[in-house]
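Here chain A shows up in two complexes: once beside chain B, once beside chain C.
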Partner chain A sequence: MKFVLQRLAFYLLTAWAAITINFLIPRLMPGDPVQSLIARYQGQLSSKSIASLETLFGLDQDRSLWQQYLDYWANLARGDLGLSFTFFPTPVSEVMAQSLPWTLALVGTTTLISFLIGTGIGIFAGWRRGSWLDGLLPVTTFISAIPYFWLGLIAISLFAVQWPIFPAAGGYDTSLVPGLDAAFLSSALYHAVLPGVTIVLSAMAGWILGMRNMMVTVSSEDYVMVAQAKGLPERRVMFSYAARNAILPNVSGFALSLGFIVGGTLLVEMVFSYPGIGYVLFQGVNAKDYPLMQGVFLIITLAVLAANLLADLLYVLLDPRTRKEG
Partner chain B sequence: MSTPETTPVTTDVATAPPVLEISSLCVDYGVGQGAVRALHDVDLTLRRGEVLGLAGESGSGKSTLAYAVTRLLSPPGVITGGDVRYHPRGGEPVDVLAMTPQELRAFRWQEISIVFQGAMNSLNPVHTVRTQLTDVLKAHRPGMSRTERVERARELLSLVGISPDRLSAYPHQLSGGMRQRVMIAMALALEPEVVIMDEPTTALDVVMQRQILRQLVRLREELGFSVVFITHDISLLIEFSDRIAIMYGGRIVEQAGAAEIYRDPRHPYSDGLLHSFPALRGPRRELTGIPGSPPDLKAMPPGCAFHPRCPKAFDPCDRRVPRLAPVGTDTDRSVACWLNDDRRSGEA
Partner chain C sequence: MTVQATDPAGGVPAETAAPPAARRDRLRFLRNGKTATGLAILGLFVLLAVAGQWLAPHDPSAMSDDVLQPPSLEHPFGTTQTGQDIFSQVLVGTRGVLVVGFIAGFFATLLSVLIGVSAGFLGGIADELLSAFTNIFLVIPGLPLIIIIASFLPDSGDVVIAVVISLTAWAWGARVLRAQTLSLRGRDYVQAARATGESTWRIIVFEILPNLTAVIASGFVGTVIFAVLSEITLAFIGVADISHWNWGTILFWAQSNQALGQGAWWWFVPAGLCIALLGTALSLINFGIDEFVNPRLRTAARVRGAIRMRVGFTPVARAPRPVPKGAGASEGSKAPEDSEGSERTEGTPA
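Then we have the complex of A and B:
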């Protein structure tokens, strides 16, 4: 319990530092949102509208950095991340609330699937070393070596253009109204197949390789030999003695990869124009939409931190040697 | 601690029926051209209730023999010939090498259990002692209930002098000696006929070695299992075992009662081994050791493998391999050395 509290305190401190940096960086950069809007409208804004924009963005008040910092925290506490100017005047929090579920559903599910399938294949490939399963390794390694966006583009050109089985872009049929009904859900699922399969394919190889190699290492441990000598059923030796110990690095790797679900999907969503957070970030970057970028980065930071905490806790749960006495 | 001279069972076990018969067992590491022969035609009989010591330097094939008998050799080890027969109590002998995987699983631990070399790594670090003691019961005694299994595990721990409340401990919370005692408790869980001990005390300090050995002697008297005790420490065997087989270069070079080996070793290698360790009891001997190093299995010397290091090597030693044959009239004693071959000089 003490360990958990210690980790929690550590991650709270890290989160505070990350949020503070997130606050400072845009303020250290030259220019402000109004100037970028002026640039965007190429001088077609009158001085009056510039003044009103400044009022709108709160840039007219001459406030000290410290005051702004306090305001920033106060706004954060209320969930107010400011207004996006790509989707002006939608609040950033609303933009993210719309896009985050798409990312979580697509990338979260595929990360889980690729972990489960990859680890499962890795267990068998490592246990029956030298069987036909070893033939899979070069294939999966080859696929994982292909840059993701290229794999995605190939998939689109083959299965959406050459043989139009799947849609090439989007998260759902735009003629439908988003809602929790069968028509919309099946359309969303249909649109998720192509990006989903490419993510699973490219992510799986890492899990297979890691798990197989750990299985091979652990299989030569004395306690696996003892388990064999005890005449335990082979399944028990394989899962409870070999795989149970071999899976530790993969589990912490998995917990960390959960953190990158939010941040690491930029390419997927760009290639498939998927309405997730990565695509929103991409649009935000193009439009120099600082509040939006700041909001997305904040979410990414928090997700990575939460994943790290989860990895720590999982490890303690799975490996008794990391537990402190008392 | 009882010495062989005073142990009453010594005379009994000399005539006891065999429990494990190994005949002309050969083991190779690797196949084809690069294969290395680790065991050459090993014949060995373990009698019911006896402690058979197996001694020799590193690489002499002691552990390979133990793994081959239980078919635990991991690749590239292959059994290339020979026979291993197990005699169950009041049943027909079974051929261990011909068992199907299912038969083998049922046979392991139920009939022959092993205490392995590395006390530190024999227990799985992520499972409690309870899990590791009860899963063997679960596999072999499907009729036992959960509470019965835990009860048996508690019993086993107290048998080896560990407090039963250590059941929920993880291996890293136990000392080396305790871990090895847990392994011994585990080996006795199904009350097997044979327990193979592969250097069970090598990783422990001397005080702990003595404690564990004393406990083993007591347990054997209580439960009556046979022991194959593998070690390089021959002085330990002299004190602890009924019979000793000495291995060199993948062959058994001498086999005799512990007292005979101590008093009158017939093979120069046995003699060398005896002078490599201080005796635990009796008059002091001079420690001389054996010059040279164990043979390279990939390039075994021709003839007797020991001849390059042997102080008494003579004419036939570097040309012909001596066979393991009885010495004199004593049928329980055999040695593979040309020095003892006056009666068999005609053999090729």
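Then we have the complex of A and C:
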């Protein structure tokens, strides 16, 4: 319990830091990019939305930095992230609400799948060191060095252009109305195959390497030897003794990998024009839509923190030492 | 995992003199197949980065009438929609990629050494604060942050991008270095140095840092990989300055000119393969370093510790030899050969 509370406190601290960074970036940067954007949309912006943009980007010179900071938090508390210029005049929070479910579904599923498959292969490769599975290592190294988006480009050129099996872009058939019916869901699933496989392939390599190296380290521990000496079935020694301990760093290293995977996923979404947050970010970057970019950063960070908290809860289940008091 | 990484697995056998052993160790690092391959590929790219401009058969930006040609003798990687030679673009673009990668790697490593070693060595409240700071930067997703900072900046040249990348890439190295410093701090030779009245900075620079060399090197290489990927990503989505050629810029133009739809695979395949090749080379070097400091990771047919149980055999496991305390880490890496040797002769059940 103490462990979980500690982690929770840490994530709250990190969330605060991310929000403060978000607040400071536009204020520390030279120039005033947002002012020109506002000027361009002068007639179409309501005074209320101008006020909220000024709060976001510190354009109001009369107020002290501290006062601006308090205003910024007040805006956040109301869920006001400013107006998007790309999707004018939709508020950023609304754009997020539309695109976040796509990203969560895509990243969540693919991360889970790649973690399970990668860890599984890693267990076998580490246990049977020197077998043919070691031949996989150079391949995984090569794959992990490929940028996600480039693998996506290759996937499109092979399976959407060369052999048009899968759609090259989009998240669903645009002739369908988004809803929870079978036709829409199957179309969404069909569109998710290529981006999903791309992410799984890219993300899996890291898990394989990490797990293999930990298995190699753990399998020479005394308790593994004792388990074998007791005559336990090899399967049981491998999974319940070696793998169970070897997996701990993989789970606690989840935090790092997740940030990396999310970054890669954003790019994959851009390549596939997938209606998630990455594609929104791409459009925001191209249009210099600062409120949108900052909103994306904030939402992504908060989502990553939440996922890390989940990984920590899993860690508590796996590692009894964290459950001990004191 | 990292904590035991440089833990000396054993000492130098008494009969071996230290200096020749050290020399042999250094050669051993280079003899490692992975390291050698990695260094060779990296060397090739460094050569291209230096000489690419002169080697390029065409001006990378010059347009010509050979529009969207597949690879040929004249244009080994084909041409773009405006007739630019992609082979020349890849050659000229190597420099930008490596420059950003190494500058970012350098600054990030500097930051990680400063923060990580200070945290580990100072301890107490300074450690708590620096560790919290490190962990925050570790968890915040780096790429979106880089994208935002870079797009706010009016100037997005190579050096600026490299510095922005290094600001978000130091945390992992700092954490590893902190853990490693923490384990070195309590060693006898550090205590001895302190007892003789050496100053804190002298201890850090002359007693601690030399023993962190491998960890720092592997952190540096890892950061370069991350920086190269980030920079190419930034160029690909058009945040970085696209007037300079690098592999990401090529992909940017390929994507914005619908190279995929036109079936112009040669436009984006070479740049991507170069990225992957460079990344693989750097990873291989890192594996070499890892195996150098943690011999258990070596891919050998003789497996230490993993004993196959078979009916009728009594497996014999050798206890590790008594380790002379205080053997330096750099000398300690001699030990694996030693333990492997004993495994070979005595560990096999007859």
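For this structure, a couple of remarks:
The rule is short, and it goes like this: the second predicted complex is superposed on the first by the 239 of 326 C-alpha atoms of A that agree within 3 Å, B and C clash if a C-alpha of one lies under 4 Å from a C-alpha of the other, contacts with A are read in each partner's own complex, and residues count from 1 in each chain.
Rule of thumb we're sticking to: a residue touches a chain if its C-beta (ideal position, glycine included) is under 8 Å from a C-beta of that chain, and two chains touch if they have at least 3 such contacts.
It should be emphasised that the depicted structure is a prediction, and the values quoted were computed from it without experimental measurement.
Legend: residue contacts after superposition of the two complexes on their common chain; A:K288 is shown touching chain C, with no touch to chain B.
By the touch criterion stated above, A:T103 is placed in contact with neither chain B nor chain C. By the touch criterion stated above, A:P320 is placed in contact with chain B alone, chain C being left untouched.
In the superposition on chain A, contact of A:T14 is made with chain C only, not with chain B. In the superposition on chain A, A:S257 makes contact with neither chain B nor chain C. Among chain B and chain C, the chain that touches a larger number of residues in chain A is C.
When the two structures are aligned on the shared chain, A:R236 is found in touch with chain B, with no touch to chain C.
Touch criterion met: A:N245 reaches chain B, while chain C stays clear of it.
Contacts of A:M225 after superposition on the shared chain: both chain B and chain C are touched.
Counting contacts as defined above, chain A residues 220-221, 225, 228-229, 231, 234 meet chain B in one complex and chain C in the other. The touching residues of chain B, when paired with chain A in their complex, are 70, 72, 74, 101, 104-110, 113-114, 116-118, 121-128, 135-136, 139-140, 170, 172-173, 183, 186.
Of all residues in chain A, those touching chain B in their complex are 220-223, 225-234, 236, 240-241, 244-245, 318-321, 325. Only residues 10-11, 13-14, 17-18, 21, 25-26, 29-31, 33, 127, 129-130, 134, 137-138, 141-142, 144-147, 149-150, 153-154, 156-157, 160-162, 168, 213-214, 216-217, 219-221, 224-225, 228-229, 231, 234, 249, 255-256, 258-260, 262-264, 266-267, 270-271, 281-282, 285-286, 288, 290, 293-294, 296-297, 300-301, 304-305, 308 of chain A touch chain C when the two sit together in their complex. The residues of chain C lying in touch with chain A in their complex are 1, 4, 132, 135-136, 138-145, 147-149, 151-154, 172, 225, 229, 232-233, 236-239, 251, 254-255, 260-261, 263, 265, 268-269, 271-272, 275-280, 282-284, 287, 290, 294, 296-297, 299-307, 309, 315, 317.
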